[in-house]
Amino acid sequence: MKTIGIVDTTFARTDMGAAAIDELKRYGTGYKIIRRTVPGIKDLPVAAKILLDEGCDIVMALGMPGSKPTDKMCAHEASTGIIAAQLATNKHIIEVFVHEDEAEEGKLAWLMEQRAREHARNAYDMIFKPERLIKNAGRGLRQGYEDVGPVRER
Amino acid sequence: MKTIGIVDTTFARTDMGAAAIDELKRYGTGYKIIRRTVPGIKDLPVAAKILLDEGCDIVMALGMPGSKPTDKMCAHEASTGIIAAQLATNKHIIEVFVHEDEAEEGKLAWLMEQRAREHARNAYDMIFKPERLIKNAGRGLRQGYEDVGPVRER
Amino acid sequence: MKTIGIVDTTFARTDMGAAAIDELKRYGTGYKIIRRTVPGIKDLPVAAKILLDEGCDIVMALGMPGSKPTDKMCAHEASTGIIAAQLATNKHIIEVFVHEDEAEEGKLAWLMEQRAREHARNAYDMIFKPERLIKNAGRGLRQGYEDVGPVRER
Amino acid sequence: MKTIGIVDTTFARTDMGAAAIDELKRYGTGYKIIRRTVPGIKDLPVAAKILLDEGCDIVMALGMPGSKPTDKMCAHEASTGIIAAQLATNKHIIEVFVHEDEAEEGKLAWLMEQRAREHARNAYDMIFKPERLIKNAGRGLRQGYEDVGPVRER
Amino acid sequence: MKTIGIVDTTFARTDMGAAAIDELKRYGTGYKIIRRTVPGIKDLPVAAKILLDEGCDIVMALGMPGSKPTDKMCAHEASTGIIAAQLATNKHIIEVFVHEDEAEEGKLAWLMEQRAREHARNAYDMIFKPERLIKNAGRGLRQGYEDVGPVRER
């Protein structure tokens, strides 16, 4: 039995954590889930690290950085911390960020949910089916929007 | 009995630490407070880490970055350090920054105090009522200005 | 017998890991290879560190940062993490990044493969023939595109 | 008996270390001083950390970043390292930087000396009189130029 | 007997490591030298840290960042890593970077060599004659180009 941690924010404008959990349940079994919510994306790194230190095999850190320059900097700081948390624990944290200005209001919730779902499958595969990722190396995969695909077939 | 650390600066232009402490007292009980003040925001990371290592369960780090490009860089450095301090201690530091140019002079003190108060409630909930945060996941909450709210109801 | 780790991404648009492995096999012997694939470049630092902690003598971390400002920031975060992973393990990680906007579509796969191949030779030399690198100090070598060469002969 | 470390640079264009030491002697007693000088600001973080590990209770790190974009980046790197050194030692380093373009040539030496002196008093207070800092929380204090003062009285 | 580590790159366009070694030999005795060469500047931090962990008392890390924005970012990442390597070892790494666009082609090799030589003397002084650096505190010294000098005499 593996454990998957889910941590998201009250700042985001749709419930990304719920989308990730729903998708995990549709996609596979053999794990239990621990969920936390923090105020903003800069609170994600330590929340994810605590989950990993408590025994999670992988964590999904979901957030929606705002559109202002200050928000962009926050996203950078959060991402840097998320990488540091992984290096300190030797486990993966799948960062799922949707920038508020990546899509217009009407499409934003869709994108946030879709990206959360596609990365939930990545998180699952990373701990249960790593060979699926190797098979897709260099295939130009994207999460949320359509895959770009490879430049040319090898 | 929990302990909440409060650290703010002499650089800020209103007493954010006092506002946070006042709000904590209105909001709940079951904790004691330790307060420190440092010159500027770049002194916050180690001050917060010392408080956490001395036994605080959570720390609020409050500051007012100035409006010049150099000040923005200081804020970035301070935030990066605050995240590193959290990863080193496995505890949360709630960063409460109000950029001097986020509001005009007449509204700045209000914003600093209001954000300090709303984050004081977050800090309290994180150690006493974490389920309140999960309930608000993805609700577009903000501190200081009005909540933005979710993109759509789920 | 040495061990060389190879980690690449599903985001990249050509199979950089396969190119690196093929080149290593042409270039020399005395090692075995362990391969991993992760979703994106920000997942590379911990993947590389895990490989080093599992016993790899060197790791190649291959990726293709996208062309948008957000992608550039991701590349910066990944690179910072890759350096931190090296400092934590006292082993080298050869970062092989080709920015999507470094070449037009028609030349991009060639560049990604070529750079992967030339850095594969660097990785091999670093663990088997470090004196080859000293001999080339200050020679203006490049990977992918043509060498620039020294400013003047000494 | 406490120990205060002073580290400055040969790059700076006035002797900031001497100014800090002179001010400390005027301001209070009960400490001894250890002084080091390094070439540039990027050498300050480890110099300060060595002093702290040798037993200093606090260190002042004084420097004058140049005015070019590369110099600004150096200042950022130095500041990031100074924060990391503090987190590694749980002690404060008071960073005293005067950017070469903060004042015209005629006023630059004054500013460097004045800021060094005012931060020397901060450093002293932080280890001997921390309650003085709490009393000044949110008072809009500045070092070098005049204090800005609070937005409004509480 | 002290040990000085020298690490440079195959990317640079003149042999900076050789210049540093030549200058050290002219300047003083009492040390032995260990030399390494890596592909690019981002490989310098761990190479320098390995040398320090192997017993070097100080390391010179020499490189020539390219002129493109991506290269500038690489320089920033390398510098950040070099500072982290120092903090992890409590020893100095003298970073000697010459940006490719700091001088026109005709003067670039001169600048790279000259800066390497002047910093070689700094490295020597830091481990053998630290009092020479204190004597030059605030004297506006530069490496490569002419010294700027102090703003005013104290």
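Each chain carries a letter (A, B, C, D and E) given by its place in the written order, and its residues are counted from 1.
We take it that contacts are C-beta pairs under 8 Å (C-beta built on N, C-alpha and C of every residue); 3 or more make two chains touch, one makes a residue touch a chain.
What you see is a predicted model, and the numbers here were worked out from it, not measured in a lab.
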Exercise for the section: Kindly list which chains stay connected to each other once subunit B is removed from the assembly in thought. Expected result: one piece
Handout entry: Other chains in touch with both subunit A and subunit B
Key = none
Practice task
Please state whether the interface between subunit D and subunit E is built from the same residues or different ones, using more than half shared residue numbers as the mark of same.
Solution key: different
Completion exercise
Expressed as a multiple of 5 degrees between 0 and 180, the CA superposition of subunit C onto subunit E rotates by 70
Practice task
Can you check how far apart subunit C and subunit D are, centre to centre, with Cα atoms defining each centre and the answer in Å?
Solution key: 40
Completion exercise
Rounded to the nearest Å, the gap between Cα centres of subunit B and subunit D is 25
Practice task
Can you tell me which residues of subunit A touch two or more of the remaining chains?
Solution key: 76, 80, 84
Handout entry: Arrangement of touching chains [line / ring / star / complete / other]
Key = ring
Handout entry: Cyclic chain order when read starting with subunit A and heading to subunit B
Key = A, B, D, E, C
Problem - In the complex with subunit B, residue positions of subunit D that touch it - result: 72, 75-76, 79-80, 82-84, 86-87, 90-95, 99, 119, 122, 126, 130, 133-134, 136-143, 148-152, 154
Completion exercise
The subunit D residues in contact with subunit E across the complex are 8-18, 35-39, 42-43, 45-47, 49-50, 53, 70, 73-74, 76-78, 80-81, 84-85, 88, 105, 108-109, 112
